[in-house]
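Below you'll find the structures, each written out as structure tokens.
Both complexes below contain subunit A, partnered by subunit B and then by subunit C.
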Partner chain A sequence: MAYDLTFAKDVYKKSEMGQWIKMCMQCGVCAGSCPLRAHWQHSPRQLFQMVRAGMRDEVLKSSDMWMCTSCYNCIVRCPRELPITHIIHGLARYAETEKMTDPQQPTRRFAVEVFWKNITSTGRVGEAMLTMRLYFLDGLGAGIQRGLEMKDSAIGMLKTRRLNPIPFRGKLKGFDGMTKMLAKAAELEAKLENHA
Partner chain B sequence: MKEYTFFPGCSSEHNASAANMENSVQSMCRMLGIKLNEIDDWNCCSASIGYAGGGQLPRMALSARNFALAQKQRGNTDLVATCAACWLAMRETNERIEEEAHIKQNLNTALAEAGLSYDGHIKTRHMVEVLIEDVGWDTLKSKVTKPLKGLKVAGYVGCQTNRPFGVCGDSFENPQYLDRMIEATGATAVPFPMKVACCGGALMFSEPEKSCVLTKQILQSAVDNGAEVIVTPCPVCQLNLEVYQGLINKTLGTNFNIPVVYYSQLFVLAWGGKWEDAALHQQVIPAEPLRRFA
Partner chain C sequence: MEQQKKIGCYICTGCGIGDALDLKALKAIATKEQKIPVVKDHALLCGSEGVAMIQQDLDDGTVNAVIVAACSHREKAAEFRFDIDLMDRVDLRDKCLWMLDVKDGDETAEEDRQMMAEDYLRLGCVKIKKMNIPDPFLHSEGSKDVLVVGGGLAGLTAARDIAKAGYNAVIVEKSDVLGGKMNAMHKVTPDNQPPYRELGENFIGALISEVENDNRIKIFKNALVSKTSGQPGQFDLVIKNGSTTKELRVGSIVVATGFDPYDPTKLPANLGYGTSPDVITSADFEKMAKEGKIVRPSDGQPAKRVAFALCAGQRDKEHLDYCSGACCIYSMKQAMYVIDQYGDDASTYLLYQEIRTPGQMEDFYRSAQDKGAVFIKGDVAGVSGNAKGGVSVKVRDHLIRNNENLDVDLLVLATGMVSTVDTLDPNAPSPVGTGRDELPGSILNLQYRQGPSLPRLGAAGFPDSHFICFPYETRRTGIYVAGPARRPMGIAATMTDASGAALKAIQAVEAVAHGVAVHPRSGDLSYPSYRPEGCTQCKRCTEECPFGAINEDDKGNPLFNPARCRRCSTCMGACPQKIISFANYSVDMISSMIKEIEIPEEDEEKPRILIFACTNDAIPALDMVGRNRSSISPYVRIIPLRCMGSLSLVWIADAMSKGFDGVMLMGCRHGDDYQCHNVRGSALAEIRLSKVSETLQRLKLESSRVKMVEVNIMDAETLPVVISDFVEQISNLNPNPYKGF
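Up next, the complex of A and B:
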């Protein structure tokens, strides 16, 4: 049986830092270093081998890379110095651009639908709005329930002036320029390829 | 007076979750004779999860805009960040600008849309690096007027102030700088095997049930080792360890009530600053063990 390298070559070229997957020697230090190891189905090591084996659907539909907390344990421990954290982020983003991720994946929803929109709508994080949008993603009932669970913390933060009681914030002075900059960056991103 | 360009980051804004860090850092720098010149009109650095919505270039363009503004307003003066994620995102962007010509070119094409450009060459530094390398251990110790004698502190370094860049060449697995800072204030750094374990970071927002388990183990280790207070340099660690203690107690059946403060708050207090100067009135879990030094 011949290997189909189509998917691997796509990842090497289009997924952030994907070209480094070629260098993985399958030792598994990343797997043992990950704080979320109790939860994922496939370790980084396994995902890399699945890329090389052409398992496109299994890799891109996986929830595993979305559990990355960006702790960078894997990156500093990898004996071949692969930028593993960035490769994992890259695979998550690549799955997103290929529209393969489960739309209900909770971290995908938070990162893409809430966080990125929050920062690009004014230029800075609006923490109160960010939290409200996240809590109410699943509708009013779920939002109120989650809000009640965190009620004491929210009151504590309001009292200590660490939460703005007004969830709306103004835009940066250079907001229009920043928006144009991001649009241009997105346009260039579509043409971006990794250099081996 | 030593001056730096300053990037506070979103959580350090007025009425934001790390306002206690920001206020105590400002007091600390005043006491050290350091002037922090905030970048005018800075934007979010894209944080740890910006890659998902922003890919590579839009994500890095956000940091590039901050560098461009910094260069225009303050030249190539060192840029200081206090937030771990901001420091990391900016250092990563700068590294790629310096090392990958096509990234630099693409980011400048994007910046041109905002009427900006960035030439590289600004060094991004964490506030703890400024304390260790520019201020120095001798000064940090000699400024102490109210030693925090007898105070037992767990030094929680966390992830991003440690990995992947490291602080002043310290170890990734067992960094010493935070324990040394604790000892510099006269307090005692307790043994703390979880000092570089992950608190769950932004996963606390999207999958709190997974993140709470990680945070619980860190809190438990601090308590088991006799700590009265946890100290950290990272605003996400501080938030997860302090503000989520209630949720952890409720969902995991624990009974934690341990304050979590920043290194800057310890220094301000030990150097004779007032409770409010150290922003210790801004703790959700009151820092009662520190009262005896106020």
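Up next, the complex of A and C:
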């Protein structure tokens, strides 16, 4: 049924900052402020209205949430002071936990397959390894090609010391503590879902 | 007793006036030419010494009428406030010195400036010589009681506030109960209750008992006003209660008869009213909520999913062309009823065009969203029955460009407000004579020559008021419309409106008791009178008076009601016989002023252009031109008029036969968004002016010599261009051949 509130209520409860979606007044300032607007199929305000209209599949399968680069323009400008960037990230994560995301969505692959593994394995982002993993996501040939394409940038960054060629070894001080925190967060999240 | 006029003329030489002008020559104009007995100057007339000098002459009886030749009359008004009836200001600074671009050593320009100043001084002298002390219109049997028509929220609030201020109020209520539409109200919006998020309790019961227990307030229930005659201070009413009638005299009137909801059967078919019992109006829904059961009328099942169609039949040329201003807010309130009753099971949808939640109600909007109401910018494309009960609403959703069915238990249509006040078209010819039968359904049944109803503005049918400057006023002095009868509004606005109208009604009775005008010329003692032997019964004055102040006797002679009059002098300008005048303002006064201006000979090549400027808007705008030091032509001469409505065509003829090359009229904007303080003044002047070509033809002059422009008080930037264009246009014509005659 169109215009069913079940999905919206789920989002309000389970998606991070999702409860803010009901406060959107559809002015469209976020859409006008987004530098990547051309790459979004639906603007943030449209996504929010789709949530309220109960369009679960369209929202969760959409690649829109993965397009956000966290520039925070929308947050700064939202007259209703909605934390739009965080809401968008929350929706992306919610789509992932609901297993609705297109597995081939590039940002999603980077986030789930590369970034999360990289940061949770040591507690820090290892730039060299992160870049390498990203480049070779689609196999050896594609990785080499990408590397060559970007080699001038990489050399420039090396020269100006913006890139550390030596992979980070060892672990974050207090790594065990961090792991425990992540486990606790997962536990709380699971509880929240069961509760709903 | 008419005292002998002893005029004193005081010239200020401050602000550069003394340096720029030839003071000796100016004083000679006043003493030798105009024969003013006392002429003095001071280097700082508005300072305590200068003012004391004038006061001294007044105190020892040397003078009793004062000309202050200094700055604009809008400047230093507090300093030059003397307890005398005859005073005038000559503006040598703002509209003379500051408006002229005179380079050092430019003798021609200096001479032009001196000529302008001398002319203005002449005008001031002639004006005060032609002014008489006004005798206030006083009446010994006046009443200070206020009639309040309608015992709903607006009426009760007005009556309570009138009583609180120490005056007596009379409420006439049509039905047998007080409270009006508020009695059906479940809860109220928190307009005055921070943080403006939760619904408030209906307070009408408390207000009713407060009013009922006030011994200053007299209440007639089941009653109507079947006749209203007279004027402020002496409105004579006939109050009808079934077959019994009662006569009563009051001083002023507050009309608070409220609104009628728009007839839902007239709504557009796509809204589906009448197709299913589950499509109801907001009023029906409110009643349901008050009874505590929000259910589907069709089968009595709980109505947990409710859609509200806002702007139903509103902002729609075919229905109500306007926004009723309260529907967004009350629909949010009603959505909260559903959420309050059904909690998590409730789904409420508000289908809107634009959300209008002025003031603190923005917080109420947020509260409705926070409680879970869903707002959809969209229209109802159609409504159909639903197999599961309720209705299926086809929504054209502009936000997600969707066209889907919204299945709900109830569709609530937010219909708009229609005024209950009977109004008349001010442009239609009015009936002749005074005695007339009662107009069925008329709120007041005014025994006015222009008809029993209040003039309306535009097609919306609300009584006309000057919405910028005098929002409570109707076009009938002493009669104030408040609440949704005046314009659509919600609860909080209605209460403020009623308090405002109550204060205006009190102001009116007090002003009348003192014999002065209420507004816009507050405190004006003068009023029109006429010379009966000159009257040709043409009825122009009774027809044109924007305020219906003049009745007619059986023969068609005007019967002035000075307390209804706003002193705009439209009647004076309307009269072809020039027999209507005020003690301190007359056709003869302005004619004499025109004739006093010096017109240079044709070979001097100094044209003269006369500007008649409305004192309310054009004069302040011209003052601002001076203050901005924007230069205008030194050939213009400005004469302020009370209102363009007072324009007599004789003045145009006088100016032309005197030798003026052109005449420009600066009136206010007219039409539906008029700015004229007297509503019709500038519009009537324009109509009169359309007949001026006759006068000009008789004089064998081009009709382009006379031009009327609409001037707004904000027009100081453009005014110099408007004037210089006209001066240029006139310069291209031959000089007026009547010069020197």
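Everything below uses one rule, namely that the second predicted complex is superposed on the first by the 177 of 196 C-alpha atoms of A that agree within 3 Å, B and C clash if a C-alpha of one lies under 4 Å from a C-alpha of the other, contacts with A are read in each partner's own complex, and residues count from 1 in each chain.
Criterion: contacts are C-beta pairs under 8 Å (C-beta built on N, C-alpha and C of every residue); 3 or more make two chains touch, one makes a residue touch a chain.
Fair warning: this is a prediction, and the values are worked out from it, not measured in the lab.
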Message: Looking at the superposed three-chain arrangement on subunit A, would you call subunit B and subunit C a clash or a fit?
response: fit
Message: If we overlay the two complexes on their shared chain A, which of subunit B and subunit C does A:Ala92 touch? Say first, second, both or neither.
response: first
Query: Is A:Glu16 in contact with subunit B, with subunit C, with both, or with neither (first, second, both, neither)?
result: first
Message: Let me test your reading of the model: by the given contact rule, A:Met150 touches which partner, first (subunit B), second (subunit C), both or neither?
response: first
- line: After superposition on A, vertex subunit A (C-alpha centre) with arms to subunit B and subunit C, in degrees to the nearest 10, comes to 80
Message: Per the contact definition in the header, classify A:Ala2: touching subunit B only (first), subunit C only (second), both, or neither.
response: second
Task: Please name the chain, subunit B or subunit C, that touches the greater number of residues in subunit A.
output: B
- prompt: After lining up the shared chain so the two structures overlap, which partner does A:Ala53 touch, if you call subunit B first and subunit C second: first, second, both or neither?
  reply: second
Query: Does the superposition put A:Met25 against subunit B (first), subunit C (second), both, or neither?
result: second
- request: Determine the nearest approach in Å between the Cα atoms of subunit B and those of subunit C after overlaying the two structures.
  value: 18
Common interface positions of subunit A, toward subunit B and toward subunit C: none
Query: Which residues, counting only subunit A, touch subunit B once they are in their complex?
result: 16, 35-36, 39, 67, 69-73, 75-77, 85, 89-90, 92-93, 96-97, 106-112, 115-117, 119-120, 123-125, 127, 131, 134, 149-150, 152-153, 156-157, 160-165, 172-174, 177-178, 180-186, 188-189, 192, 195
- line: subunit B residues touching subunit A in their complex are 10-11, 13, 15-20, 41-44, 46-58, 60-62, 65, 85, 100, 102, 106-107, 109-116, 159-160, 163-164, 172, 197-198, 200-203, 205-207, 210-211, 214, 243-244, 246-247, 250, 281-284
Query: Tell me, which parts of subunit C touch subunit A in their complex?
result: 344, 347, 349, 355, 365-366, 369-370, 372, 374-377, 395, 397, 399-400, 402, 404-407
- prompt: For subunit A, which residues count as touching subunit C in their complex?
  reply: 1-5, 8-9, 22-23, 25-26, 42, 45-46, 49-50, 52-53, 55, 80
